[in-house]
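So that you can tell them apart, the chains are marked A, B and C in the order they are listed, and the count of residues begins at 1 in each.
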Amino acid sequence: MASPHSFGNRLGRVVWGLVWGLLCRHSPRPFFAWRRFWLRLFGAKLARGARVYPKVRIWAPWNLRMGRDSTIGDLVDVYCVAPVTLGDRAAVSQYSYLCAATHDYRSPKLPLVPMPITLEADVWVAADVFVGPGVTIREGTVVGARSSVFTDLPPWSVCVGTPAKAVKARRSDQ
Amino acid sequence: MASPHSFGNRLGRVVWGLVWGLLCRHSPRPFFAWRRFWLRLFGAKLARGARVYPKVRIWAPWNLRMGRDSTIGDLVDVYCVAPVTLGDRAAVSQYSYLCAATHDYRSPKLPLVPMPITLEADVWVAADVFVGPGVTIREGTVVGARSSVFTDLPPWSVCVGTPAKAVKARRSDQ
Amino acid sequence: MASPHSFGNRLGRVVWGLVWGLLCRHSPRPFFAWRRFWLRLFGAKLARGARVYPKVRIWAPWNLRMGRDSTIGDLVDVYCVAPVTLGDRAAVSQYSYLCAATHDYRSPKLPLVPMPITLEADVWVAADVFVGPGVTIREGTVVGARSSVFTDLPPWSVCVGTPAKAVKARRSDQ
């Protein structure tokens, strides 16, 4: 199967992989500004205070957009074949996987189908959560550890399970 | 607990670990032929066009058999204590785990119990799926992302969940 | 968000990360005594025969306590922000994640909430299991692969699923 990506895309990702692997992956945790510098150089749109931990995997930084004081924790995989957007103060905990593409299994060649992911402001995705292609998680919602999100989630809820569903309201003044 | 594996097995895996770690794990993605060369040298049976991505973990290549144009994606773990077989055009996506052994917990020593895994032709195992010991996935079936497969799955189905179950038919002419 | 950890804690973890990464992570598997030496130097309480595999991630060794002949398998993540305790002969298989902290999502700042994890004697946690903050798994219980444990589990049971629940008794004389 030939790559579905353009030559420019593939070249950009090779260079990006070298840059991140050599200069960022082993950088000290508090060097958030250093990593922001390189991410922005490769096209990421990062607001002030956006924090990306060193062991994050980012497929294509030019498809990543992060709001103010948002966070992507260690060992998160951002498979941003399509755009991935985090709102202000959104946080993704370790080992979670934002998977912004699927394959069309109705075709024998399994063509790649990119679909964007959006986490709105004040969303918290806890550890080892899978967020599937095309999903939007609305403002303020918390997704419990180990959940798998295949459909959009409503705002200001606590959602858990596979597929993740709202089980109660989240109130910050509780 | 002493290792349940023979000295030859352990020595072979040490050498294999060095070879893969030094020569293959950091090789460029398109170098599929290069990695096939080393896998075959260590006993893997790979048909033409079989593609193993660089960050795959393979416990014992001599227990791996892959059909034509089959694919094992990045960060897949093939724990092939027992034989693991992929049919023609079978594909395993990133982070999945083919776990071909369990432990007998009825014995206080938890002895290792290897059990083979078979993915028949045109199977697609999507991202972060667990395939347990002894499982056969029949021809043409798709397993959705994040599912866990503990029992055999029927052919030409779409299966999801934990434990994974068929939820609909897969038709390539749909 | 400023780190919730003291300067000493952070400094200790930086030094520990260097020691483990340079001296232990790539050490040969059978060098258990070598890794015990370094773990103990950093405050881990390890009984005789406690075995930690090389690719284990341990957040703070001074919060880890392991009984005799207990085992932590490769690629397990021990996020021991709070104490994590394994009883005699307890075993944790590859890819499992002992997550001894959560965040209080009722507060907008998501403050860290450490909560200890205890696996009593003869517990076996199989591959790719999530064990959440505050959980105690009682003596002799087996947790099936890919389960997620959010609440305490009873003794001498076989528990599976998400959330993990007892499905039958475990008898060693079965």
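Following the convention adopted for this analysis, a residue touches a chain if its C-beta (ideal position, glycine included) is under 8 Å from a C-beta of that chain, and two chains touch if they have at least 3 such contacts.
Because the structure is predicted, anything quoted here is derived from the model rather than measured.
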Problem set entry | Rotation angle superposing chain A onto its copy chain B by C-alpha atoms, nearest 5 degrees | 120
Seminar exercise, completed: For the copies chain A and chain C, the interface residues, called same if over half of the numbers are used by both and different if under half, are different
For this session: Averaged over CA atoms, how far is the centre of chain A from the centre of chain C? Could you give it in whole Å?
Result: 26
For this session: Could you list the positions in chain A whose residues touch two or more of the other chains?
Result: 162
Exercise. Which of the residues in chain C end up touching chain A in this complex?
Worked result: 1, 14, 77, 79, 97, 99, 102-103, 105-108, 110, 130, 132, 148, 162
Exercise. Okay, in this complex, where on chain A does chain C touch?
Worked result: 28, 69, 71, 89, 91, 94-95, 122, 124, 126-128, 142, 145-146, 158, 161-162, 170-174
